[in-house]
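So that you can tell them apart, the chains are marked A, B, C and D in the order they are listed, and the count of residues begins at 1 in each.
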């Protein structure tokens, strides 16, 4: 008897799955270099799934579609990403794709999604170059690398009109190199002298030689970094070696709450951030920034990092496109994405549609955060743009 | 007198400060068996290595059939018709006996293709008495068989001059007899032989002439009986000329 | 040589044809992806066998050829708008020539020294390419999507590349077989057994082993070109993955070094095993452990690999399966 | 100019640690002609050993002593399982068997610790030496490397056991004829080589973050350092390490940092081709 019930339940689940499920596939770096950021992103996606399914699913053309997720661990390895995305498409038959975390892995996944003509929403991937290869099915959520550090440099100029010498030191990765290259051009335009412009290999753990160069070049401020693991190490060694810098701005790492583990080494470090819990966007669909933050805190017991927000936003964008299309038909969803122009809790979302840049994010903007001490505790504050700030920039930091 | 097949001319090899071969000169003639003797460490094997190109000489020349072969690598020397065996046998262990000999035939003086080389190899194996072991892995042979394999491989190269480095060492009397037969029949084919040997009886009975090395230098050269009675040679061998002479007489 | 009269030749042809046809049954894309990977493994192992199994030189960095082939191909296709076919052929030829020049120097080393040098070469090339801006530095080269469109759209391009990779696999087996049954191969085996003795027997060892090294570079480089074209991009870590080249040694050992069948079967078995371990829940983290333990067991108890064991159990097999 | 000196000083300090790792590799080769391809994995084990001991409340520097003992024991076990049975087989066999050990270690390590980075987080102070800023951790690591090397030399040249190791390294058969139990000596030597590798890993862990795969970098550096110094020559390996560190330190100011690896490997291959026995003479 009990068996029969189980069978019936299974059949029911199957019927539900066949009729009213939309499956989203992606990979997560559960291990390896990107595991901190990538798991954050996964949490965001899973929170979106729960949020949608709690409402009964996505309303599409008069029916409600439950969201199912299918994902694998890509171990932060490019070769795994391509195998797994092929598998997601050809074997698991997912309906839509979300990218892995990081520009490098996303670039690899994008090739597969394009080869098979599957729509992929790219989050956690800021590199511009992915969108210059003539792809038609990949859409970017993040502010692209070319606009990543412009706000940081504007802020630095506003804080110190006399500062000249800056060092730009970046991880040799697709994302960081793109950001650094764009930042160099912008810095020179802003009247800074870039006294050091150099990449370090992805596997770097000893920043001694780089730090010696920063000293030797007489840099007054540093912008650069790459991802979490290298950025945290870089910040720690900058602090241990007592490098006299007036401002340190690093990509990615300081925007994570885990950065607080560095203690005093974190103090004063600035980061551009895709999103912060304190932002005040007026959303046109989905939860508000405060609602999202609260949901995330309830689910995971801590404040969401911007990768988590990016994960949630990626789901929301897909959801919105299906709703707009009134269908899960890929061609219609693609048309809806091309036409999309909305504001989410995450900010403004609008994609380039010209063939040369198709899918590039045009709407979204960065905010700047800084690690400051508040009543003896380290906390992130928004310090730029001025309209959104929650605290004044501490400058110089050392 | 027949023509000169090998000419060793003021040949010298230094390893660091040590002169392993020191200003050695001699000639050998076509069809001849020349014995090369001397105490351990006299430089005999080094001389072989100089002649067939394993080592490059420090000074001096080697001429083969009137052509300069000094400093040519061993694989070039073989192609000109000068093959050798090794004192310590070096079979190609994981290959069959036949394959070992085919290597010799393929890469020897006639530069044969695989199939003609196989025919030559069969023939040579029969000649040295290894035909029944053709499909055995070379590593599985006993020492006497390995020694014959060395000779077979060298013969398969179709040489005009054969350098034999102690092919009798380590063999029992019956095996020695058998090998001596092989050597005589090689000579009957018109192949000249330069051989290093420690067994005096054998060298004295086989050689037309003998060259004696000691401390890298040529000590004596001549017919076996002349050399055997040369007191310098005897002294080199035994320190005590009287004693040595007695032994030599007994052996003869 | 009467090639057409040899059963083993027809065995290679038949195996390659069946392999090529397998995924077309039901247009099975997943199967195709799996078969591409194992074909690549077979190519790497079979060509590596020319060095390890035939010549007795342990090349730890054989993957450098695969990676260079990939880089040259993608560079020609992406930056110089070449077609795929001329690009892979030129990539193969250039890599092979580079291997020849490199071989002249590096093959003077023997044993552990040679093995270490090949590791050094692979790492030096990897780090060089990661800094070489014309090849995209650490970011690598990404194909513009037009490259696939030029081949009749990505779907068709992927099937075409599959067939080409299988063709290269068949050619690798054929080359391995022809070399083994040639005078050249006999010379190589003599070098493997005792290089000094081989030289005295008349084998021109320096040239022969350099030719073997150069030959063992050609088809892997072509395969690298095809594989990375299929992937749409090439980055240094993937192209010069030292780990993969050591795994190729494991494949050769597993099947039995010096045999054509052994290297191929070893590669296919290893791929299956690896794939199986990666997909079994709970074992995915242990695939390295199991592969390592397996390798250790082979070395300790069956150094002749699978074919060595089969030959011992059934000696007549030696004449049928090369 | 002073900045270059700072960079060279950094290079010298880290070079001593490379040297220590390289001694572990070269000692094993010198004694038994085995290139230990598990070297990198063992270095990584040293990193995690000190991490675990630190987690259990032991100061990293005190942990070093425990790491050394663990390394010795582990090395003997690896020797008995993976090296001893095939010591007389062709060199390929020991290369592969030690590599399989490496796969096993890294596989287990990945299962336990994943490939995510770890840190040994203990307070570090900064010192001024002749006006250059140096962290205490770097200074201690370099000092420890020198002390361990000194201790090794005392062992090799002043103790009976050490003399036996050298005798076996020189000529195993002759040593056996003199009544030295060569199997035990080989096992102990492998243990010491392993202990040195783990110690160097432990020291590196006090400086930089690490993953289970981090050993690979230092394994390659050990190859370079040992080949520079002549495979089989411990003094050479230490000097090789220092040279490597000095190259890193002195070229860093003038080129992109990422080119240093290219230079190192190019030197490695060139040295192998021109002086296969190293700059200071190896065993052959």
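Here is the rule we use: a residue touches a chain if its C-beta (ideal position, glycine included) is under 8 Å from a C-beta of that chain, and two chains touch if they have at least 3 such contacts.
Since we're looking at a predicted model, the values are computed, not measured.
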Any idea whether C-D or A-C has more C-beta pairs in contact? C-D
In terms of CA centroid distance, which chain is the most far removed from chain A? B
Mean of the CA atoms for each chain, then the mean for all of them together: which chain is nearest? C
Where chain A and chain B are represented by their mean Cα positions, the distance between them in whole Å: 78
Indicate the whole-number Å distance between the mean C-alpha point of chain B and the mean C-alpha point of chain D. 49
How big is the gap, in whole Å, between where the Cα atoms of chain C centre and where those of chain D centre? 32
Between chain A and chain C, tell me the centre distance in angstrom, where each centre is the average of that chain's C-alpha atoms. 38
If you look at chain A, which of its residues touch at least two other chains? 172, 199, 201
Please list all residues of chain B that touch 2 or more other chains. none
Overlap residues in chain C, where contacts from two or more other chains coincide: 130, 138
For this entry, which pairs of chains touch? A-C, A-D, B-C, C-D
Quick check: in the complex, which residue numbers of chain D touch chain C? 29, 33, 35, 81-82, 85-86, 89, 91-93, 95-97, 99-104, 106-108, 110-111, 220, 223-224, 227, 231, 256, 258-259, 261-262, 265-266, 268-269, 272-273, 276
Within the complex, chain B is touched by chain C residues 1, 181-183, 186-187, 189-190, 192-194, 196-205
Contact set on chain C toward chain A in their complex: 29-30, 33, 37, 130, 137-139, 142-146, 148, 154-155, 158, 231-233, 235, 237-238, 241, 284
Complex interface listing, chain A residues touching chain C: 73, 78-79, 82-83, 86-87, 90-91, 104, 107-108, 111-112, 114-117, 129-130, 133-135, 172-174, 177, 199, 201-202
Spell out the part of chain A that touches chain D in their complex, as residue ranges. 30-33, 35-36, 75-76, 172, 198-201, 203-206, 208-210, 212-213, 215-216, 229, 232-233, 240-242
